[in-house]
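Just dropping this structure here.
Chain naming follows the written order as A, B, C and D, and within any one chain the residues start at number 1.
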Amino acid sequence: MESESKPKKIGILTAGGDCPGLNAAIRGVGKTAIVEYGMEVYGFNAGYLGLIENDYIKLSESQLSGILTEGGTILGTSREKPYKMVKKGKTKNPEKPKKIKKTYEKLGLDCVVCIGGNGTMKTANMLAQEGINVIGIPKTIDNDVWGTDVTFGFDSAVQVATEAVDRLHTTANSHQRVMIIEVMGHHAGWLALYSGLAGGGDIILIPEVPYNIRSVCKKIEKRYENKKPYSIVVVAEGIDHPKGKSAAAHIGEAIHTYTEIETRETVLGYVQRGGSPTPMDRILATQYGSYAAQCIADGCFGTMVAMNKNELTTIPLSEVGGNLRLVDEEHPLIVKARRMGVSFGDEYLNE
Amino acid sequence: MESESKPKKIGILTAGGDCPGLNAAIRGVGKTAIVEYGMEVYGFNAGYLGLIENDYIKLSESQLSGILTEGGTILGTSREKPYKMVKKGKTKNPEKPKKIKKTYEKLGLDCVVCIGGNGTMKTANMLAQEGINVIGIPKTIDNDVWGTDVTFGFDSAVQVATEAVDRLHTTANSHQRVMIIEVMGHHAGWLALYSGLAGGGDIILIPEVPYNIRSVCKKIEKRYENKKPYSIVVVAEGIDHPKGKSAAAHIGEAIHTYTEIETRETVLGYVQRGGSPTPMDRILATQYGSYAAQCIADGCFGTMVAMNKNELTTIPLSEVGGNLRLVDEEHPLIVKARRMGVSFGDEYLNE
Amino acid sequence: MESESKPKKIGILTAGGDCPGLNAAIRGVGKTAIVEYGMEVYGFNAGYLGLIENDYIKLSESQLSGILTEGGTILGTSREKPYKMVKKGKTKNPEKPKKIKKTYEKLGLDCVVCIGGNGTMKTANMLAQEGINVIGIPKTIDNDVWGTDVTFGFDSAVQVATEAVDRLHTTANSHQRVMIIEVMGHHAGWLALYSGLAGGGDIILIPEVPYNIRSVCKKIEKRYENKKPYSIVVVAEGIDHPKGKSAAAHIGEAIHTYTEIETRETVLGYVQRGGSPTPMDRILATQYGSYAAQCIADGCFGTMVAMNKNELTTIPLSEVGGNLRLVDEEHPLIVKARRMGVSFGDEYLNE
Amino acid sequence: MESESKPKKIGILTAGGDCPGLNAAIRGVGKTAIVEYGMEVYGFNAGYLGLIENDYIKLSESQLSGILTEGGTILGTSREKPYKMVKKGKTKNPEKPKKIKKTYEKLGLDCVVCIGGNGTMKTANMLAQEGINVIGIPKTIDNDVWGTDVTFGFDSAVQVATEAVDRLHTTANSHQRVMIIEVMGHHAGWLALYSGLAGGGDIILIPEVPYNIRSVCKKIEKRYENKKPYSIVVVAEGIDHPKGKSAAAHIGEAIHTYTEIETRETVLGYVQRGGSPTPMDRILATQYGSYAAQCIADGCFGTMVAMNKNELTTIPLSEVGGNLRLVDEEHPLIVKARRMGVSFGDEYLNE
């Protein structure tokens, strides 16, 4: 068959916020495509912008060497959303999707691999509906992409955040203070939950579990009475709090007001998404990338690669977009943490 | 009911080689038992030796604070095997099991939680058959305990080994050498496989995949021809090699003999099992520990807690003992790695 | 001689903000005092508060084992200043110094070792003037204690801050942004200078070098023109900026206003002073501690141990108190950094 | 003056074993030369080999960006010694120096910066004597270059080795074993001394202090009697031991023979010289590099840049070559360590 005789041409792009493992995923796609399937691989610059503006580089195997351990993305990224409403709720700009189609056809691509988070998958799905072959690869330190048990970037972020919690312990103990640390997570509390547990946090506040500040303070006071005059509070940035200040500042001030115990806040910020990926993120990103190349060879388009109960699988992009994978209030980790005395800020609501 | 009115008494011990996460597991068992179930908790010193010699300490909640992040085990460990044959293949010493039973009854224990690897589970199963209530928790950096998808200690060991591989890359490149690194794994190649992939190893040799030294050399020479005059070889200590020298030394010398390329060997050794556990190992060990306490409360004895497709479960100890979980030659990671050009030393056997 | 027949009694306290290496210093004093000189060692809790309230523990050699690598301080610390004016500028409270003297005499101490920063040395000097034998040991992550070339805690803080700068690089590059990172340093810019240089910062702003925001922006724009559309700006918290916002936020907003380039800010916070000390900080703190014990044996009171051109020495406490060691504008590191193209925000003031 | 009107042309090479900070030094030389002095910069490949074979690349400022944090050397290195005797003690091959001179003149170089250890400095001195302008920059993880207080690479190696010692502590404690760790250092014991002290080693054996195995065992037994049934022994690879086995194996076996305590050995190996340099090594290498460029501008040839009592200086290459900076038996760190109970294996020689 002719279609098998000529090498396939594929594109890769990374979109949305950067996170550790993007280069490992690019390498996974590219090396498998080149070594195993003899495909030609093009990397688009700055996410969907490169696709719109026909801005790309051809990737050889040697360009993919040595990037496995590097943070960030050799392709660059952007927040460009080609299907964004021109006026909110009104109308879309049809120019950008047109340009993408033009680039796709001009280059004679057989597929574009879109590496990103929820927003990226949503766009990828729209491209698929326009007849472009796409495969999605889920990445985000928030771990909240629907349809997969885990995204790469998460393990690395947990490590950075946990190391920070570890460091705060010594100051909390030495000064007998309440240390509040705010980690990323606008909607999902995965990062706060994992780094809170791994760091031995006493109180963990996440968007999915509504907290009550009196409950938080009661936990701190009980520890005080039990001769533990210091506490670590891990909060996700997306918990309920007034605008104009950080979640950490809000919680810190409230605790100080009620308990009069000294508090100190840390907003961990962008260090959570930078740096070399952990070994497990390198492996996960590599697997996703390699599997995406296999999916192209198999013609399994319009899907996102995913991990389901430890097995690589695919899920239709149409099922992914717009949905978030949040922490269940009865998640086994929460249930177990409560049994060990960790507070989620909601224990004493009715007392 | 009377059985509910008095607190249960439980023992904990850690046996076999130490690994990161043992303290997290002890804390998980102990805190859940005390905080949630009001049990009394006793820690036995030096593995089964403590049980034999009635050597223990009572553990309070405060003694379990601050150990989550510590490597090693606060209870100590030993290689003591109470059911070991006195003379090989002949007869067992009935004294030690008797003493264990005496300790168990004298203290009025309701269960003993045995944290360890395959050997420990085997012993735990024998104790169970003598009527002692036991629950096993699997740990080992080798990740080879039958019946569970993962053991704690493994993630930490992968991190240490991968960091070492990362470091060797710079010397390999700068000096254009072949660097051979030997990681732990007598029977199972999990650690070599994971750290090899995460570290970007070019050749990975594990006990489960028989290698041929000519195949190894051919891969190195092909890289040389492709202007990559350096290679990283990750080997498990348990691969086929002559006695009297390390696996790394054997492979290094063989490569040098055939290819005349400069080689250097590193045997990573005991650093792989020491130090603070990774966040994921802390969480896994904590979950296992907490779940073991729950199993005690539920009376689910004679089992090992396990992770199966991301879910906590139990498996009868009788099914665990004596079996090893090895790497399948067709494991998805191996298949994917091959497609990206990684050699497992068996590619050119028939050329 | 009678003075030799009975062992000397010494006290140790840690005061002011905690930092990595405090335990190493305590261990250095204590082990040398006990092993070499046969002294009795008492640890006062929570800084000068323990001395005021006669709150102490006796330290044995075994209690000093295993703390070398631990962050924080086993003795706790506080900001208590016994000589603080009761009403500003008016009168001192004579009660606290009296109580200290009482504790000192009651216990029959021969010396108190005071480990801390500038404030702690000032207090130690006042105690010395009242006839109490004191020896000071300088610690602070700010590295700004007068009379010594270096304080322990600094090397560890440089490492944490540099790691953070390293992580921000990947996001800066991937997103083509200006990343601003604020590190500690109210008066002295040592930490910003060192982590800025070690992290490859493009612009470094410190309190000792007055900056001009137009100069900062010009540097960023020049990089942009040279196809480097991202920059790293490292700022000390103590640089000139309006109250009510962080230094990082001020600089970030100003850059965005002038250049319209996207900016992101990170305030690193308390993670800079926590965690295990670096090897060099462990060694420095150990040396200071051991040398302090030797000074006691030699009767060299009223001094602070110090490092001067790589040699251990002492300096009278009366010369230390109240002075700060700041970065000289012509410091060799600044001169060299400028020559390599690093901006300190003052280059284009007169253009 | 004409000599000032045209840019100077300079070469850079890295020779001998690789170590962390080489790229930082290359960047320091290159950026200062280009940005401050407008020089042209050429990088020679694979140490002196590149100079012999006229194998070089021109380095632009942008090629020097992003390498500060990278381990290894972008120029490659080799053990090539152009002045090596053809037959031992007999005669030199005059061809190689001739070729070097030819390359130097053909390219019209004004100076070659030679970055390396003792051997590299020796060669650099010989080139200087032939009329070639050279400047040396000292690097080595062994810290044993004569004429400077410190070399870059050392701080990074201390960190790697100390981390390894930290990890072994947990196994030593948990299993009550004697753990022996061998670190690099053929002639000088700096690395063993520093990592031994920073890691809390109980016994430190270095080439400069002759040890006695009975003294080593006595220390271990005394610890045993004092209820510390585990010990950490840090040995330099260059201590007196029989050929055919490692220093660690020799010491481990001897201890086991005399004391019957379980021992385990680790030979740390090449991981000590790889990976990203520590912040302090990055700064030191940058300073050395930048200062070397300044020395070229000043015409200060035939010298090695050096650190003397915290100040940058130069020392004639003729004074450096062939000499080693060893640890003095009365070094303050040794004296202080002994006072705290650390053994150097020579305490009980005469008992």
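Please note the rule applied: a residue touches a chain if its C-beta (ideal position, glycine included) is under 8 Å from a C-beta of that chain, and two chains touch if they have at least 3 such contacts.
Quick caveat, the model's predicted, so the values are computed rather than measured.
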- Message: Quick check for the class: compute each chain's Cα centroid; which one is farthest from the centroid of chain A?
- Response: D
- Message: Taking the mean of the C-alpha atoms as each chain's centre, how many Å separate chain A from chain C?
- Response: 36
- Query: Rounded to the nearest whole Å, what is the centre-to-centre distance of chain A and chain B, using the mean of the C-alpha atoms as each centre?
  - Reply: 30
- Task: Could you list the positions in chain A whose residues touch two or more of the other chains?
- Result: 166
- Query: Can you name every chain pair that touches?
  - Reply: A-B, A-C, B-D, C-D
- Query: Considering the complex alone, what residue numbers of chain B touch chain D?
  - Reply: 14, 17-18, 20, 22, 46, 70-73, 76-78, 160, 163-164, 166-171, 173-176, 179, 264-271, 273-275
- Item | Residues on chain D engaged by chain C in the complex (per definition of touch) | 27-28, 31-32, 35-36, 61-62, 65-66, 68-69, 149, 155, 158-159, 162, 166, 194-195, 197-200, 227-228, 278-280, 282-283, 286-287, 290-291, 293-294, 309-312, 332-333, 336, 339-341
